[in-house]
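The structures considered in this document are given below.
You will see subunit A twice below: alongside subunit B first, and alongside subunit C after that.
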Partner chain A sequence: MPLDATDGRRRWMSVLAQAAPGDLAGSWSRLPALPAYELLRRPETGLVMVRGRVGGDGAPFNLGEMTVTRCSVRLEAGPCGHAWVQGRRPDHAERAAVLDALMQDPERRQAVAAEIDRLEALTIHRRDEAARKSAATRVEFFTMVRGED
Partner chain B sequence: MYVAVKGGERAIDAAHRLMAEERRGDPATPELSLGQIAGQLGLAVDRVMTEGSVYDTELAALAVKQAQGDLVEAIFLLRAYRTTLPRFGASEPVDTAAMAIRRRISAAYKDLPGGQVLGPTYDYTHRLLDFALAADGDVPWAEASDTAVADVMPRVADVLDREGLIEANPTGGGPPGDLTREPLTLPAGRDLRLQNLARADEGFVLALGYSSQRGYGNTHPFAGEIRMGEVTVELVPEELGFPVAIGTVTVTECQMINQFKGSKDIPPQFTRGYGLTFGKSERKAMAMALVDRSLRARELGEDAANPAQDEEFVLMHSDNVEASGFVQHLKLPHYVDFQSELEMIRRLRAAGQQLEPAPAGDWPVEGPRAGASVSQAGGCPRPAPEGQRQ
Partner chain C sequence: MAMTAAADSGLHPGFADPGLDSQRVFRAVLEAMARPGTIVGLPARAAGPAPLDAATTAILLALADYETPVWLDGAADQPQVAGYLRFHCGCPLTADPKAAAFAVIAAPMGMPPLSAFNLGSDEYPDRSTTVIVQVATLTEGAPWELGGPGIRDGARLAAGGFPPGFRRWVADNHELFPCGVDLVFTCGDALTALPRSTRLEG
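Here is the complex of A and B:
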């Protein structure tokens, strides 16, 4: 796969994984009738070791694990889809894997891409709201001036 | 010597049912949901995730509920559950410089790019009990600013780094050691020490950090920077070969800046201690950074005479699941051990007083008492590290 195609897939897989489960379920129900697919790997929950870096930017170390669910599917038409999503969420992983496969199907891609954009916008909106609430707690220092002048 | 003692099953079942009833409390009071625990007892859930070493708010909330709020018991439950799941792999190291900041403060610089962002904090509260919370009062909504906090905030340490006034962090090396896979061997590298401290009991690490401040150590710390927020976790799936984001985790990071006099080869410069935890766990992250720095005493040519600087003392006693298990195993039947010690004492006394030994096992019951159907070991061995138990 060419580099820019990989970048595109990287983006949409990240959006699908990080979407709120309710938002992804909404996108799923809005899409036109989905093609049949088979499960290459049924949704399976396990652990991924999360790594940090010494001092934030040094050598890696193991911080602790997180739960992750993965799933792989194949559409009738051919393309395979994969998903790795945080938490114990078999439905979310299966839907994300199917949408990943649909994004590789030129005929169905457009409708799915619109949902990916929508999911991304929802995630960005949520983050922006949190970032604006934090910004309201930013300290504005003012200096007391003492003396004659 | 092992002696099977049977007969306690019925009592144990009844005890567990009694415990479940107590856990539920007054049936006239609504039962707690996991959402309530995760949402309203979030800091308890964060501690369980950090020390249980599994980031999953639902599982941690369940553990808190099941353990009736006993967080060390909840941590044990989460650790036990993790052994039932397969390990898929390891993430790319999270980039805390790219954190979606919710809190970021520095006690070293007043004005720094991105500013001091207090975020949700108990600092500056008066610690007066708030009876409004007892009366189901309305919660004031947090105001939002028109502009968001800066996307990327430089680390405070990077400011010092540009002038060469602070040591560089160690880089390179192969994949980090994992003490859940291999038993801890000493001396341990910084990677294993940090993993151990991240999982370590908060109270233990807090007390050690405190001891280092009071003079049992030599850290002279400044809280260079504390930041809390969400970082993206990326992983390279085997079937793809390129990294994808799989989710976000909340973490708290603490960079302590410490003194160092310098040596023949190194000019005087600040040294670092580092703390990183899951969730909002600021006290733990700060204490971890103090102890991380203390454990570097030998590396930095300092005297290492205090507990917080003693790698074996710190790393071998920091885990509350191991510590709790070994302390609490004393509750299990030790009837035969005790009986033999009892006889020994009688013999010694008799020999000292030139008297005949008294008949053994005559009080309070004959021989081993009825109890749990567990085996008892003579001369209890030390527990194996977690890696050896798997």
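Here is the complex of A and C:
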């Protein structure tokens, strides 16, 4: 897969993984006649170690484990879709994997891409909303400079 | 859903229920190893890529993981097999038979001698290779009489399709006990085993 195609796929996989489960279910039901698919790896929940780095040149360290659910599917036509989503959400993982596969199917790509854009907008909207609500409760702390002499 | 197994290069599914199916297949391999020569039916199957048989695929899905380097013979060393094992088992594939925990022989006629695999050491005989040989038949070959642990009155193995001298290799392998490889023979949906402790009678 060429690099720009990888970037595109990275984006939609990220959108699918981060979408609210309800939003994704909405997109799922709006899409016309989904093709048959088989589960290469049925949704399974496990732990992954999240690694962190202090600054760009800091040494990597293990931040902690997080729960993820992963799933892989294959469409009848051939493309394979994969998904890793946060938490114990087998339905979400399966849907995200199917949509990832559909995005690789040139015939169905257009319809799914519209839903991806919609999901991205919804996710950004929710995030902004949460940021706005918490910004309204911000408290500024002031520290008086203590005179040394 | 029916998928054509042989021609396409895409991934194939693993077990329908990975946890329980792996345990069932593990139990079947244990049964076969404990009673050498007994033919055990496959309790769970997965549609693996050609040229792997259902039994070979199931054994690898159940036993191979990131700690077990797998060696594939020339016939089994296909991109779709390598992709399947990497995806479902996460096992490293090795080109060195001495480094393998499992070896898959899809074409026994061209297989290397058993001494080419890891035979284990006196300190760690358990680290030897388990060789999975896909044979043409488990019942219609020249019968071998077996004796040793797990066999009370005598057992018979009639697998066929071996290279010339294979019987000699198996006998020599037994002489190395406690070192030596363990053999699992697969054919379609059935498997049987010949651990290093089994001697060939007559």
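FYI, the second predicted complex is superposed on the first by the 129 of 149 C-alpha atoms of A that agree within 3 Å, B and C clash if a C-alpha of one lies under 4 Å from a C-alpha of the other, contacts with A are read in each partner's own complex, and residues count from 1 in each chain.
Keep in mind that, in the parts below, a residue touches a chain if its C-beta (ideal position, glycine included) is under 8 Å from a C-beta of that chain, and two chains touch if they have at least 3 such contacts.
None of these values were measured; they are calculated from a predicted model.
**Student:** With the two structures laid over each other on chain A, which partner does A:Q18 touch: subunit B (first), subunit C (second), both, or neither?
**Tutor:** The answer is first: A:Q18 touches subunit B but not subunit C.
**Student:** Who does A:G78 touch here: subunit B (first), subunit C (second), both, or neither?
**Tutor:** second
**Student:** Subunit A residues in contact: does subunit B have more, or subunit C?
**Tutor:** B
**Student:** First (subunit B), second (subunit C), both or neither: which does A:G64 touch?
**Tutor:** first
**Student:** A:F142 contacts which: subunit B (first), subunit C (second), both, neither?
**Tutor:** neither
**Student:** Of the two partner chains, subunit B (first) and subunit C (second), which one does A:L39 touch, if any: first, second, both, or neither?
**Tutor:** The second partner, subunit C, only.
**Student:** Considering each complex separately, which residues of subunit A are in contact with subunit B in the first and with subunit C in the second?
**Tutor:** 44, 72
**Student:** Which positions of subunit C touch subunit A when the two form their complex?
**Tutor:** Against subunit A, the touching part of subunit C is residues 1, 3, 8, 10-14, 16, 18, 87-88.
**Student:** So in the complex, which bits of subunit B are touching subunit A?
**Tutor:** Against subunit A, the touching part of subunit B is residues 49-50, 53-56, 58-59, 82, 85-94, 96-97, 100-103, 110-111, 115-120, 142-149, 155, 157, 168-173, 175-180, 190-192, 194-195, 198-199, 229-230, 232-233, 235, 237, 239-240, 242-249, 251, 253, 255, 272, 274, 276, 278.
**Student:** Which residues of subunit A touch subunit C once you look at their complex with the stated criterion?
**Tutor:** Touching subunit C: residues 36-42, 44, 72, 74, 76, 78, 80 of subunit A.
**Student:** State the interface residues of subunit A toward subunit B in the complex, per the touch definition above.
**Tutor:** 6, 9-10, 13-14, 17-18, 44-68, 70, 72, 82, 84-88, 127-139, 141
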